[in-house]
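Each of the two complexes below includes chain A, the first together with chain B, the second together with chain C.
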Partner chain A sequence: MRRLAAITVTALIATVTACGGVGGSADSGVYTTIDGAKQIDATAPINPFNPQGNTFLGYDAMTLAWPKNDPVDPNRFYPGIAASWTVTPDQGEVVIHLQPKARWSDGKPVTSEDVRTSIGLAYTQGGTAYAVDPKAAGSAADVRVVDARTVKVTQGASKSNLFLRNVLSTVVVPAHVFGHLLPADFWTTLKAARGTGPAAEKAKAQITGLAEKVISFAPAKDVSAGPFTLERVNPGEALLVRNKHFYANQNIAPDRVKVLNYTGNQQIWNYLISGSLDSAPFTAVPTGVLKRIRETEGNEVVKGFSPVAVSLAFGQTRKPYDNVHVRRALAYLIDRSQVTKVASPEAGTPAKTTTGIHAKSAQAWLGNGIGELDQYQVDPAKAAKELEAAGMTRKGGKWAMPDGTPWKVEIHVPASFSDWVAAAKAITSQLNDHGIDATVLTAADYTLYLDELAAGKYDVGFWLMALGPSPYNIYQRIYGSANGWQLLAGQLTHVPPGTQGNWMGGPEIIDGINPGALTSRLNAANPDEQRRIVGTLAKLTNQQLPVIQLYDYVNTQFVSTSRYTGWPPADSDVLRLPAGVWMQLGMIKEKAGS
Partner chain B sequence: MNTVIRRLTGHLARGIAMIWVVTTISFVIIRNIPGDPVRGQYEKLIEQGMGPDQAERATAALYGFLPTGSLWDQYTGYLNGLIHGDLGQSLSTPGTGVATLIGSAAKWTVLPVLGGTLLSFLLGVTLGVYAAIKRSGKLGDALAISGSLLHGVPQYVIGLLVTAIFTTLWPILPAGGPVDISFEPGFNAAYIVSLVQHATLPVLTYALASYGGWILAMKSSVATVLGDDFILAAELRGLKRSVLFRYIARNAILPLFTILALSLGMLFGGAIFIETIFNYPGLGLLLVNSIGARDYALMGGTFLVITVAIVVANIAADLLYAVIDPRVRTGGAA
Partner chain C sequence: MTVTQLLPAPATPRRNFWRGVLRVMRRKPSRMAGVAIVALFAFMGLFGPLLYPSPLPRDDNALYAAPSWAHPFGTDFEGTDVLALVVTGTRYVLLAGLATAVITVALGTGIGLLAGFHRGRWDTVLMRLTDLQLTIPGLPLLLVLSTVWKFTSPLEMGVVLGVLGWGGIARAVRSQTLSLRERGFIEAARGLGLSTRHIVGRELLPSMAPYIAMNMLIAVTGAIYAQVGLFFLGVLPFDANNWGVMLNLAVFGGGALTSAAALPYLLAPLLAILLLTLGIVLVVDAMDEIFNPRLREE
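Moving on, here comes the complex of A and B:
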């Protein structure tokens, strides 16, 4: 009996001990957040070139500059490792001046050689400003160290107006840690690779052959120039501690940052409800859960612009969606407000119409021109006229194909996207009410969905669009590779529907306009020409409806005022940046008495 | 002794053949799962707000980690790697070996699943005996009903329920993760307490979810044994209750022993729902993520570990069964 009592007491003490001290996040000087960009993998290297790498942009990993959330201009930035920069009007030459006080966490200064090495490493990964192919639009032709704190990057002959953006987005790593990954003759090889002939091909292969080595490299410890450095990581959390050498240390309030892993939105909701997080990235939240999150003391919601929209896209080679009248009829029957209310009431606003652009950007690009476009307000009578114009027939209250066979609208969505599934169900319900037999079909996961979409297996499916702020990026989603236009080595080609990922299958020329060519032109056009092209593409998209724009996403973030203050206000142009950048900019301060 | 060695050799030969068959079948299935992992990763980045060019750059190098060559070449290369202890390179964590990832996840699976299995087994078996002996009383009924109820509730419901209770309504335990990163890893009180705190809800969920099965099985088994002639004979011979209880328990537990051994083998399959709910980075979560990312090497490696664990558990159960049940050892002559 005495033994039993002893065991019971021990168990009680253990339980009390185990249950005590929960909520370490509330420790003074600790900032707790979640990195929405990736799940934590404790086995991944501390390497920003590794997609799963244990580096956290804005906290330890630094880019030259941080993009502002501007609805129109993609070339507006806040300083990062670069204190300032100058650019020629044609973006042919970018001169970067580094922060004079920038140091790595091991105390060594950040120099131009670090930037040059980082650019060299970026070349091994290919793409954007650092494409090895000299014909690729917007690729750098030369990287020159001007002095210890100044670097000049020159654009090649095939110009892109995104060159500055892509250069300033370069992640900077220390040459004394990563430099050995580049062979001694790297820059000579790169020069050879930018030529022509077999020697150039061999040199290209040598450079791209370094990609795996660069991705796999695992430094023994984190040497960063950001406000924090990674102290340790386990599969559930990462701990970053203050970098005493950070150039703007006076701006940084927390001593430590805890990044929590998450495997699903439910965990973020739980963390928010329990008041554990100081800030959380955008997460889809049902209304009831949002209410509970708001009820937790200190929790606040900050909303801002997010250049992303969701649409219903058509396989335009598949009948009857090859007929523009059918697509228009569907646009007249879908109540976008109702769909948004059901699918994304907190993080979406109904699309005003289909332009291909997020409403906020569209206002800036098109101005009053939006009013001249068809708004596609719900109008069953117009829809019926459009369907009749397409030769569709109505039998027993149900619309049928022109040859009299039943018309069944199958809307495909990935099962894991709850707002898309809800939106698809709302749409099918609306279509059924108007005599169109519609069903929702789900793909097991997003990877499978994309594969089947690209293979042209779907008549109608959901598609992310309006990915701004660059107008090229926006229209590339509609008139890019998914619709047959491919830009390889600066050469634009159009491949037939059903091949090489062309699942949208729209015509190459519509009313004398080649939308893919215009989209590609957006890359190099000056602002006036861009405006004209965007106007043309918005009108064409509105008339032809390769997609029906359903709702524009709203960047909905959560912050807690319990421990920190100075959060970005609603619609701030830093809202899409990590909280580490907010700290760098001096925005977050410890709450008095916390 | 020769018999044991002969049995063991036979088991091992069959086990290796089984592992090869399962490995081959899973290899073919995995390589034929539709979905382009690089496109999936690209769209994931787009969804997170990355520009198309940037996303393209971030994913282009992943092509180097995809398997190349004919299916046969890939298969022979895979088998050759396995023979040399190489499970390949992960695509979702490029540059990291599959064995490293599995090793890292395995330790987080063992704690909640093993803890939960043993806890539920001990509780279920002990209370199952009482439920059978007192089956006509209120206690027996209550125990049987608790078993039936918990047996019918899915793991994820129990998980969500205990999360709501212990992290929101009465917030005394952490909502997720394996351990608080603030504490220095090692054999120190703060770290161990944190480990226990974080493991409590996953273990509790697993134990509650499995407890019903054990109690019902044990109750049924004991009830069967209670009707056997040898129990009647023992009672008539006036044996002490403790001796009688041992007779009952030892005979009734035999069928459960096999289930326990297989459960321990299944342990390496992880507990997907529990790991997901509690953000516990075990093998189940690793497998699910690898399927989502179409990480062929990681999927193959995880399936292999699960297969080997089950085969080994089967062999162990078979051999140990002979130890605890003399009838098996002597071909039923005892």
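Moving on, here comes the complex of A and C:
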């Protein structure tokens, strides 16, 4: 009997402990949130190089600096592991000064050697500032330790004005934990790889061959230079505890951070409605659900600039979309306000016109120049004229191809993007109203959608664009590899439509302008030249309509004032950074009496 | 003279049959309700699209509107009447369901009859084929197929679901055939030297017709679940008035499980599926008694 009682008590304790796993919103000193970038995989290693890794940017994973959410300038930052930095005007040389008080959670100081090792590990993953190919634009040519707290990174001959941004985005890991992943002769091999000939190729292969080893490395415990360090992770949540060695520990209010896992937006909505989350990054939310979230005491919505827009893009080699008059006709028939109202009333604003740029950035880049562009207000008469100019015929109230065969507009979207599905349906309804037979076709998921898009299977599909703030990144979405321009080893080439992912299939030269070359030029141009190029590309995009810009996204985030205060205001330039960074900057404070 | 006395008048059994049907139906009012429900859905499938203008009207000022006299199940994300979507969407669901049922039953019955009647090698080959079909996981295969096949027509949907669903019926029909082929009337038919086609078509098949008919109706419900499920998962083409698409958009686009605003949009297709299934089950219940002599005698 006594044994039975003991078992019962043990079971009760176990149950209570288990039930306290998720939520725990009432716990004092605990900050509860989700990671918007990934779902938790409890089996993944504590490794920031692993895409599923159990490290959380801003909390236990630190970059050298944190980019500000500026509509135009990609080179504005808040300090991270780097306290300050200097850069030459051409961004040829970046000198980074580390936080003097920065220490790892095991008490060891964060040194220049840690940064150098992190850069070495980043080379094994390739891309941005750390491409092994010396001809790649904006790649680092040399990494030099100046002293224990100063590092100098030099850009290669093929310059990019995104070099500073890419260098400062480097995730810093401890050399005494990750350093053994790099062979002793790594830097000699890297130097050889940046040369030419068979020896260089062999060295390149050696470096890229390390990628898998780096990704799969699983440290026994988390050694963090951030405000928190990972204590434990299970399929439901990750628990991070305060790193007492963090250089700005006085700014950090919570003692612990719980990162809750989720299987989809539905679960995030439920967390928010139940008041479990202190903050949540951007999450797509229907109007009815937003109302429920707002009804929860303490919940508030913070909105800000999001350099992303969605568009209707055309396969320009496919008839009748090869004809600009057809594309313009569709632009005159699509009521963008109505589309936005149906698809994304809370997280979108109707595009003022098609420029390729988010309206807020466009204002800064183009100024009054926007007014000179065609606004493509709904105008069925103009649309009819454009369709007639394209040779389209009208039979029994329905528009048909020039040869009289039926014209069916098939708009493709991934089924998992509910706002895109609703937007596509709204567009087909509008087109059907105007005698154009239109229908929506969905792809099972986004990966399949992108594969089929790249394979040139779609006439018309939804496309993310305006991915700023860098103008190069913005126009690369329209005049980049999806439209045939490929920048490989510093050489820009244009591949024929239907090959190597060129599904947009636009002409290489339009009215004497090579938009891909201009876009590539944005990478190295000075601000004045950038402004001129952006003006040219915006005008060209507005006239040629390789895409029809539908709505610009609004960054919609959620915070709760129940337990913490000091949240960033609307339109703050920290809004797209993780809440861990807000804490580092001293923004979040525990509410008195909570 | 003797002959006329022995053979009943040709119209009498038929009249008796329909009288029996009526009696069976009246015995339980739920059966009448079942017939009425199935008839209602058949009417919606046949004439539903004619009852509403095409395209369906939209109201930008009434997105996810609450139920009202004008919109008994509210409106969807575009302000379209949800009831109109359910009614006009019936045709696709029923057509795909019927096509599935016909193919399932035709394949299952044909293979089951052949295997059971011929036995031996025929039986071995056809039953191994059936086993193979039964081991194919239907849903994962459909998910894979949907990446290359868009199923824009209900008949295409029906063909695939039918081809994936005949195994169970084939097994059951084979068992029935193995049992029936040992009965006296089959022995007599064989003894009379009647052809295999005659024995299978005229002797065996009519004996199993009620069973097959009931399976056909049940196959319709299975097909409805399968296709609505696939549309709900979002792996099939978008069609605003498809019940599965409505469920998908209500849950993932409208947040119907979280907010009351889109709840009627979720409930309407669910109710339609529930009603149609209920109607079919009630009709099957009636058919069971109509065709089963033992139940009828009771």
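One rule holds for everything that comes next: the second predicted complex is superposed on the first by the 571 of 594 C-alpha atoms of A that agree within 3 Å, B and C clash if a C-alpha of one lies under 4 Å from a C-alpha of the other, contacts with A are read in each partner's own complex, and residues count from 1 in each chain.
Convention: a contact is a pair of C-beta atoms (placed from the backbone, for glycine too) under 8 Å apart; a residue touches a chain by one contact, two chains touch by 3 or more.
Since this is a predicted model, take the numbers as computed values, not measurements.
**Student:** Record, for the superposition on chain A, whether partners chain B and chain C clash or fit.
**Tutor:** These partners fit in the superposed model.
**Student:** What is the contact status of A:S169 with respect to chain B (first) and chain C (second): first, second, both, or neither?
**Tutor:** The first partner, chain B, only.
**Student:** Could you tell me if A:T189 is touching chain B, chain C, both of them or neither one (first, second, both, neither)?
**Tutor:** In the superposed model, A:T189 contacts neither chain B nor chain C.
**Student:** Given the touch rule stated above, what does A:Y446 touch, chain B (first), chain C (second), both, or neither?
**Tutor:** First partner only, chain B.
**Student:** Taking the superposition as given, does A:Q266 touch the first partner, chain B, the second, chain C, both, or neither?
**Tutor:** A:Q266: touches chain B and chain C.
**Student:** A:K291 in the overlay: touching chain B, chain C, both, or neither? Say first, second, both or neither.
**Tutor:** second
**Student:** Report for A:V342: first if it touches chain B alone, second if chain C alone, otherwise both or neither.
**Tutor:** second
**Student:** By the touch definition at the top of the document, which applies to A:G126: first (chain B), second (chain C), both, or neither?
**Tutor:** first
**Student:** Quick one: is A:T229 in contact with chain B, with chain C, with both, or with neither? Answer first, second, both or neither.
**Tutor:** Neither: A:T229 stays clear of chain B and chain C.
**Student:** In this superposed model, does chain C or chain B come into contact with more residues of chain A?
**Tutor:** Partner touching more chain A residues in the overlay: B.
**Student:** For the superposed model, what is the least distance in angstrom between any CA atom of chain B and any CA atom of chain C?
**Tutor:** 6
**Student:** Under the contact definition given at the top, report the residues of chain A touching chain B in one complex and chain C in the other.
**Tutor:** 264, 266, 270, 273, 448
**Student:** Sort out for me which residues of chain B touch chain A in the complex.
**Tutor:** Chain B residues touching chain A: 34-37, 39-41, 43-44, 46-49, 51-54, 56-62, 64-65, 92-96, 100-101, 104-105, 108, 163, 167-168, 171-182, 185, 193, 196-198, 200, 275-277, 279-281, 285, 289, 291-294.
**Student:** If you look only at chain C, which of its residues touch chain A in the complex?
**Tutor:** So the residues of chain C touching chain A come out as 55, 58, 60, 63-64, 77-78, 143, 146-147, 150, 233-238, 240, 248-249, 251-255, 257-262.
**Student:** So in the complex, which bits of chain A are touching chain B?
**Tutor:** The touching residues are 14, 17-24, 27, 30, 36-37, 39, 41-45, 49-52, 122, 124-128, 130, 162, 166, 169, 211-212, 214-218, 232-239, 256, 258, 260-264, 266-267, 270-271, 273-274, 276, 306-308, 445-448, 450-452, 454, 464, 467, 470, 473, 476-477, 480, 576.
**Student:** How about chain A: which of its residues touch chain C in the complex?
**Tutor:** 264-266, 269-270, 273, 285-289, 291-292, 338, 341-342, 413, 415-416, 418-419, 421-422, 424-426, 429, 432-433, 439-444, 448
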